[in-house]
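Each chain gets a letter, A, B, C and D, in the order it is written, and its residues are counted from 1.
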């Protein structure tokens, strides 16, 4: 078993209303030291495979399902072998 | 009895609550901006449905930092009537005036339809005109209505009779114990996902929500008379 | 980050404008006749977008002139954000439809969501409170993962935007045909209500008056795809960037409330207001100046920007959402700023109305555009288009039409109720908040949606309809049918059709056959509009709907609004009591070409359509409406896809009733799709008076029963449908298809 | 400037319908080697402060706003000094 964490974020130029609204809320709480908040999601995926094929699995499920390439990009980290 | 309908940025059922109270029940009701800091002169406050702050982050999470919230908390602590439907319910839980939280529906989808409910406590100021155990129909319209609380909290709620409405036949969102609406321990704060304010006129096909407002108005009047 | 812009000379030699959609002929005309010099980069970009079909209607304008757009009720016809119709008591209804087909094909959630957002802005820019949204969706058959994904995302996008705005999505239509697989149609309509005294226009006039920008900041969203192609981004960087527009319904909700406060309470501060839609700041500002014959000077440095280092070209062409442009009387700028601040929004002065008729843009201390306003808006080279009747239509007229054979009508009906175009759409419509604002008397799932007008006895009925199959077989007759069907839906609900809006969805107009389809169908629609006295008050054109060279069916969508004089006259489409008499209004002919039956049995759409008698059907509808207003009608349902048999079943769904009929039709005719027919139920007491009103247009057929059975004795047989079972099949068909693996 | 990534996940006892749905979808794509998917969100926060006070800021905005302790827990990583 290998645990992988896939991070999905908006591409650079995509408008992120959520991040914007949260930043404002943080400022209204008085935390002006916080300059910017970006929101992303991550998927913790448990894969039953060898190190070799895990990369292929991750690329496939990301591209087919987890990531919307019109707006998002992804990165992943192999966390540990469970 | 004077009622405040709070308007947050992104509230959108504020009109519905106002009209239900004003036009249908002929109650004394006023809109109150989230920017105001006090609720003097009001006897009940209502938090409408909608998408306060776009429901960005979590439903109701940002609204609870509005200027008006401390006044609502104080209001609730004084035992005055506080009612939240849909996004209003979500705000009340985020603010800690009601226990638990509302998660994304199990279907992961917004759902708008009429569902069957059971009145499981008719001793609250909001439900005295319903019969105990009565089945009623009310519309729901939400994406985040799955009630969650930890085991001990749920046991508390059940023991104290704080569960006021429960889904019958079909649980539309995955709420634990089929919970559709709860009060605080004292019973003066009610939060519920269904929309009674959408069910107050025969023309729109449903009047089952009307008695909730009538109960509240009657109990408000009683309270006023007792105070005199 | 900015790629160095080409000089006017380089533009002339490298011709980047070809990629931006400007032809060499147009470019030369601009250089030689309009400017008498070479346009710079920004100016060329402005011409390219303003002269695009989307903004200038250069291809479709000659055809659009065929539509009637005036009558005694029309207060505002085409040419503004939306059309306006008088509904009495000093009130008016405002509506328009818009297509977002191409954005939705690429990014279905945001494409659909921003389509809804755009049409809502058109409504409140007129000073009206949006009260309802509708959609018209056409997808491929539900048999591919991609199509299912498109359906789910488009529906989620429409609901996501409308629900958050608190505008109920109350109706619409959804059909499925192979031809829409690569190019789905996503059309949205919005209806608003206003006091006539609050009517606004999109004009910028009055020397020295301020041009103010409100709403979201400008980013590089949706800029003419060519921008990215022309700028020098490495491949890797390209994948890091996106030009897709993202909607922010929360921002739009604030913007709407603020604009409505401005238009309804402070009209004296305001000269004009317009939303920034297609081609953003460029089109909104020069249209506002053009309509008023003014000159405009804008300082682009003052435009609120979300991204660093934006060029003038990018600022002007950005299609960032949730933005409005105002023209404010000089001296009231601060008041306007305060008003918007109160909603957490920024209002910024970005320019002034100036002398003359020039369009003058400044950026970073230099002049980036200096051209006559009218050169962008009025001097467009209208294009002669070639027209040719398609071979298939020529041939179809010569061949005998297909005649079906139905041996087991019950089985065919059961199957037909499961065809996606006919089956229940509830799994989608229940994800729309159809009730918010508590005016929805009749929501999704009926002939038309009906909303009461609070504080009056009136109600408004609304519907969207389109049937590409008929238009494909015969554009002119198909166009008539599209309008008739919308009107029938309104009449069935007890409403008088007032006016219509449309989205004209077609393929590539440079193909003479497609241009012919466009022209013919508009002629057909226009003819029906004249007979029904329902002018076209707004609309939208979407061309180039093709995939791999295959065009969609020509699919004009009709959005219509009707007035119910008294809420007591709102008529349900569902049967109400046992013992009520069932009448069929209108005659049934052999109309199987383009029918659901034809598609189901043969898998094809073929043949020629029969002529339509518009006057006769119109008269029939008015008689029926009169009977309704006299309280003689209990329920009414118009007959469309699947004909009489399907309509009969539909009128019983959700009730505890059945129907028992005996009719003089063949088993096949039960499924014929002759236009302009209704099923009506009437109490026995009112029978005589009803028949009197209908003057021979209504035929008695049977009774409403108390068991869940549909029994129809026809010539030579009997249909015997278990309605409980049928309703289950109808309800589950789409969820089942959506779930199944391919 | 310090960049911090705050990870928010459901507590273990909380049912995560999204993770479940995604796991099913991945299986229907034929990726049976994927055993389990959990979904979380993260906030990339840019804070203008010293290393000392950044922890306080993060704790405060998480506890007040970003995390609902009825359902969720959080962790954070200081990514880099920008």
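What we mean here is this: a contact is a pair of C-beta atoms (placed from the backbone, for glycine too) under 8 Å apart; a residue touches a chain by one contact, two chains touch by 3 or more.
Note that the structure is a prediction, hence the values are computed from the model and not measured.
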item	value
Pair of chains joined by more contacts [C-beta pairs], B-C or A-B	B-C
For chain B paired with chain C, centre-to-centre distance based on mean C-alpha positions, whole Å	36
Gap in Å, rounded to a whole number, between the CA centres of chain D and chain B	30
Centre distance in Å when chain C and chain D are each reduced to the mean of their C-alpha atoms	41
Sites on chain B at which at least two other chains make contact	53-54, 56-57, 62, 65
Contacts with two or more other chains, residues of chain A listed in rising order	17, 21-22, 25, 29
Per-residue overlap in chain C, given as positions that touch at least 2 other chains	248, 250-251
Pairs of chains found to touch, sorted by chain label	A-B, A-C, A-D, B-C, B-D
Chain B residues within the chain D interface of the complex	57-58, 61-62, 65, 93-94, 99-101, 103-108, 146, 148-150, 174
For the chain D and chain A complex, residues of the former touching the latter	1, 7, 22, 25-26, 29, 31, 33-49, 53, 57, 60-61, 64-66
Chain A - residues contacting chain C, complex	11-17, 21, 68-71, 73
Chain A residues touching chain B - in the complex, by the definition given at the top	17-18, 21-22, 25, 28-29
Chain B residues touching chain C - in the complex, by the definition given at the top	9-13, 15-16, 19-20, 23, 49-51, 53-56, 109-113, 139, 141, 143, 195, 197-198, 201, 203-205
